[in-house]
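Per-chain residue numbering starts at 1, and chain names A, B, C and D are given in the order in which the chains are listed.
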Amino acid sequence: MSSFLIEITTVLVFGLAFSMLLFILSVGLSITMGLMGFANLAHGSFAMAGGYVTVSMVSKTGAPFAVALLVSFVIVALLSILFERVLYRHLYRRPELDQVLLTIGIVFASIATVTFIWGPDPQLILMPEYLSGSVDLGFNNFPRYHIFMIVAGAIIVAALFYGLERTNIGAQIRAAVDNRRMAESCGINTGRIFTWTFALGSGMAALGGGLGIQLLGGIKPVFALEYLVIFLIVIAVGGMGNIRGTFFAALILGIIDFAGKFYFPEGGAFIIFAVTIIVLLIRPHGLFGKA
Amino acid sequence: MTSSTGTPTGSLARSVQFLQRRHRFHWAEIIPWILAIAVFYLLPGYRLLATQILVMILFALSLDLIVGYAGIISLGHTAFFGTGAYITALMASNDIPDPILGLIAAAAGAAVLGLVSGWVLLRTTGLTLLVLTMAVTIMLQELANDFDEITGGFDGINFTNSEILGLIELDQLWYSSSYIYVLVVLFFGFLTIRTIVYAPFGRMLIGIRENTQRMSAIGTPVHQRQVSVYIISAAIAGIAGALWVQVQGNVTTEVYTFELSGEVLIMLILGGTGRLYGAFLGATVYKILESTTEQVLGTDEPYWQFAIGIVLILTVLFARRGLFGIFEDIVKKFKGASKGEVQ
Amino acid sequence: MKKYLIPAISAAGILALSGVQADAREYKIGFIGPMSGGAAQLGQQMERGAKLYMKLHKGELGSHTVKMIVRDSKRPGGPIAKAAAQELITRENVELITGLIFSPNAMSVAPLINKSKTPVVIMNAGTAFIPNMSPHMVRVSFTMWQAGYIMGQHAANKMGCKTAVSGYSNYPPGKDSIAAFRKGFVASGGKVIDEIPMGGPAKVPDMTPFFQRAKSKNADCMYVFVPAGNHAAAVAKTYQALAMRKAGTKLVGPGDITQDTQLQGMGSAADGVVTAHHYNMFLKSAENQAFVKAWQAEYGANSVPDFVGVGGYDGMAAVYAAIKGANGGKLTAAGAMKVLRGWKYNSPRGPISIDAETGDIVQNVYISVVRQKGGKLVQEIQQKFEAVKDKCKELKLGKCGKKLY
Amino acid sequence: MIEPILETRGLDKNFGALNVARNINFALAPGARHAIIGPNGAGKTTLINLLTGVLKPSAGSVYLGTNDITKMAEHQRVKHGIARTFQINTLFMGLSVIDNLNLAISERMGNATGILRPAGNYSEVMEEAGRILSTLKLDNDALTEIHELPYGRQRLVEIAIALALDPKVLLLDEPAAGVPSAESHIILDAVDSLPKDIAVLIIEHDMDVVFRFAERITVLVRGAILAEGDPDEIAADKEVQAVYLGESAHV
């Protein structure tokens, strides 16, 4: 392989790992905003909760990483149902600004809460042997974890798409996202659909929070706010409520971000934002959004 | 005062009379200014915090023009605040230390940025606009960080202002003259904004917020008007940014953070949008919680974030129109229904 | 009459000797540091160091006491730190201000204390020129130049590196640090082939793209500067994940990348990393061993001090020295500076002193290497450079060469 | 024949493969009372949107008098005298009735961008609003916010706003839609008493209203004009009966 090809492939592999993480983290918010028009800025708090549950499981109980991820999915999904029932549902018909205020309030309170429990330091876990170190793919060494991230991401994405395209509940969700009124008139209980979808989305975020520990330098209290920017960008570029769009947006932005930093480190975060601005000015409803 | 305001079912003449008097000053509007002066004399040790609050009020007011009145939600208002701040700081550190000139240049520079970015960005709405405004701010912050030969980067620039009108030095320890300076600028800024919102232009903005489709159908060039108010708002935000750094004598890239954009938006929603005094209340409550929670609780543990979070949640759940809404409800209870009083 | 007079005089004499026991004074000092937000762990370290010193040296001031008022600077920028300082001075009437993690925090405070003539002891903020901003400031921490320059020399002379790449957090201390490294490295015959900015200091970026770029340059050494705290763990991890050691690039840097509080979390990734720094918890001196023991007795066996904690500890030692110098009277800037400029102290990090002219720290710099021992990571000292001054001020580079007040 | 005040020539509009307007040649005479009828989905509202500039045609042109206004933006057309009402209330729900009107009047009088004088001091705006409110018997509701008004009275505000624009051409999109029949006479009276110098184009489903009001009727089916004539001609048209009246009979 020529050195140029090696470089491109390397960039793609790394970018893909980040893309997968981005998608898993963002897709729930995309659905929430698309389905109910709810501006849930506390999405990052659920992802963060997932990260902390994973860390605690692994370090306190010695549970295997994969088990910890699944448990965090379940716990956070249940937690999000609680939040949805107690807080969110009062605000579905209220102005967006009220939703912003509530969810930012949750973000602040969650940051403070995890600081009390786990302290301000980033929490890390030592990965099992098969996930640490690097693996030689013939043309370059890659971190095992990145490869794992791509594989795990692909499985999760496939499962999600299968669930949405092939199952009854998936069809109901898609119908409700497309046209809520129509779906309701067809007898779909969109309120319940939303609760389940919200739980699913938050659970996915929790998975992302757990999977991201290794890639994002640990899980820490400010996570909930720090990654909000990225979620919003992915969703806007992908088109609100568009799952396929969110996937491609995550793919494009993940790879561009890596390539940008690799080739033009001076550009800093500039490149990903420049791309976002250009895309949104040309396609204000996102790459795959409804006009 | 109150007996003259019209009742909902009153005759046409009384309705017109209500509209003709709507913009008049209510005696209660003097309260914030009295409080501001009282703070100056009674709490001298809190003057820098109080000064910062006054600046934030002006910043939040500028945001209220676009969010509360014109219905344009932005997560990037620090683009203007920061630009005003840097213009002033750069002038002062390059031998143009006059604070008033600094304010004027900051307003002009921010207005130009408002024109350019508004013209392009305001064709979009909702989440897209939110993300675009945020992206612009973050890019400006990156630029300020990268060009640290000029901006001082993360460490920023320290500078000194000359005397105001060649007479009054901006005091940076006891914040006596600085506080008064900011208060005076805030007062005129507030008067300007208040005049604008009660003029036909302000009413027109409310129309845009309520229904852009209908505004087009009555002959309003909506985009052009949105850009106009964006420019005005940008200029005032630029002045706020200039004040922010003038009274502190230094500027860092923090003035461009999107977190600050978020904070000022939260202050505004917390206080209540579209009513001017919401900005006063929201900025004050937020900054006081941020700065004094630990002192009040007598702890070194950082509780402020928790305190703000809880206040935000409770405000949304129980005070439907921000904290100022509580105030309005109380007034209403005392007076019976007097509609549109604080529109 | 005389019978009564003599004991009275001698009593007065004893009082005078023991530092005016009669009116015990409470010295209020202000402590500004990030107690919340992304850098809260640094604020906590620094506060713990300071409080530990106060606890261990309670008796040292006789009947006088010290009350430390903590204020949260929250963010790296100036405004909140400055407001905190203003309130501490005008409302709490503190006589001295200390703490200050981030450089902009310290810089924003400088004009204020120049007005109020309040002495300041900087416990951390590392941008080289800061002490030049006020005659009332001293610094007990470090500058980027101390470690960077020596690391550059060491990499070229002792580690056999002919080429190097640098990666740095893109802000003034980062630029300081790689400039110092470059100067030391080039002076010893090395060549820096790429300098890679790795995002801002506020957020920990994914380091992979930057390290992958560095790897593609095939240099002998990679010098990395990131701010202490969250960034450090990511550095070693990324280095290992990309198998850069196998590819023949050695990882070096200032001690920020092997910060003691982060070290054990790095696992085998940190093994073999070489750093230059003024402190790590594995120093063999009696002072340090006593310090680490006291720390763990106070904050738990799992808690370790790092250089930020030592900064807090030594900073408080300086504060106590200044208070002793005030001898029961008011702590003034002039009085405090008289004691502190030229002050010497046997710190856990070795003997330190404050340069009377610049107000900046003079201290040992150690070259250490990380080793795995008994399932734990330790730092072994390989070489010691004694009484190192700030190169930037010695060479009078840019603002380092000027008075800024 | 009199010069039409509003005219379309060969107007086409498609959304992808969907033709919603097909070669429409339509003329509105000054002072006309003209109705457009057609089954659901015939493209009636689309036609209004094309006339007002909300939509741009795929082909063809729109004339106001002798001016080609095809490229003119919606708000500019309003300034040239084209006003409309909406099929579904499109009002400033949070504002009072008189504030709704004032917005339109200020815009028409060209003082909507004034930033110095308080809105309440523009007496000419107030007088105009008062006049229109009295005409439509809305004066007692002047300070009522729209969302507190019954739907029927909200429809009246739709008309009031359009009148406040002092139009030459008024396009009414099903003015009585959604109004309970007990109240619909209020709307119909208002429509009947519109000033004679305004050319009025009305879209309506209710044939009673159409035949009571219109002097001329155009029938639109699947985006194209099927027939046009005076009410008697249309009533007698076999094709119309088959396509339109037949269908509406079993709706």
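In this text, contacts are C-beta pairs under 8 Å (C-beta built on N, C-alpha and C of every residue); 3 or more make two chains touch, one makes a residue touch a chain.
Just so it is clear, the structure is predicted and the values come from calculations on it, not from any experiment.
Colleague: Farthest chain from chain D, going by the mean of C-alpha atoms per chain?
Modeller: Result for the farthest chain: C.
Colleague: Closest chain to the overall C-alpha centroid, by per-chain C-alpha centroid: which is it?
Modeller: B
Colleague: Looking across all chain pairs, point out the one with the most C-beta pairs in contact.
Modeller: B-D
Colleague: Could you put a whole-Å number on the gap between the CA centroids of chain A and chain C?
Modeller: It comes to 38 Å between the two C-alpha centres.
Colleague: Distance from the CA centroid of chain B to that of chain C, rounded to the nearest Å?
Modeller: That gives a centre separation of 39 Å.
Colleague: Once you find the CA centre of chain A and the CA centre of chain D, what distance in Å lies between them?
Modeller: 48
Colleague: Residue numbers in chain B touching 2 or more other chains?
Modeller: In chain B, the residues touching two or more other chains are 145-146, 301-302, 305.
Colleague: Where in chain C do residues touch at least two different other chains?
Modeller: 36, 40, 170, 200, in rising order.
Colleague: Would you mind listing the residues of chain A that make contact with two or more other chains?
Modeller: Chain A, residues with two or more chain partners: 112, 115, 266, 268-269.
Colleague: Give the list of chain C residues in touch with chain A in this complex.
Modeller: Residues in contact with chain A: 36-41, 44, 170, 196-200, 203-210, 212-213, 216, 230-231, 233-234, 237, 240-243, 246-247, 261, 265, 267.
Colleague: If we count contacts the way the header does, which residues on chain A are in touch with chain B in the complex?
Modeller: Chain A reaches chain B through residues 33, 39, 87, 90-91, 94, 96-98, 100-102, 104-113, 115-116, 225, 229, 232-233, 235-236, 240, 266, 268-270, 273-274, 276-277, 280-281, 284-286.
Colleague: Give every residue of chain B touching chain A within the complex, in rising order.
Modeller: So the residues of chain B in touch with chain A come to 67, 73, 120, 123-124, 127-128, 130-132, 134-136, 138-139, 142-143, 145-146, 258-259, 262, 265-266, 269-270, 273, 301-303, 305-306, 308-313, 315-317, 320.
Colleague: How about chain B: which of its residues touch chain C in the complex?
Modeller: Residues in contact with chain C: 44-49, 52, 145-146, 148, 152-156, 158, 160, 172-175, 244, 248-255, 290-291, 294, 300-302, 304-305.
Colleague: In the complex of these two chains, what residues of chain D are touching chain B?
Modeller: 52, 54, 73-76, 78-79, 83-84, 86, 90-96, 98-99, 102-104, 106-108, 111-122, 125-126, 129-130, 133-134, 139-145, 148, 161, 164-165
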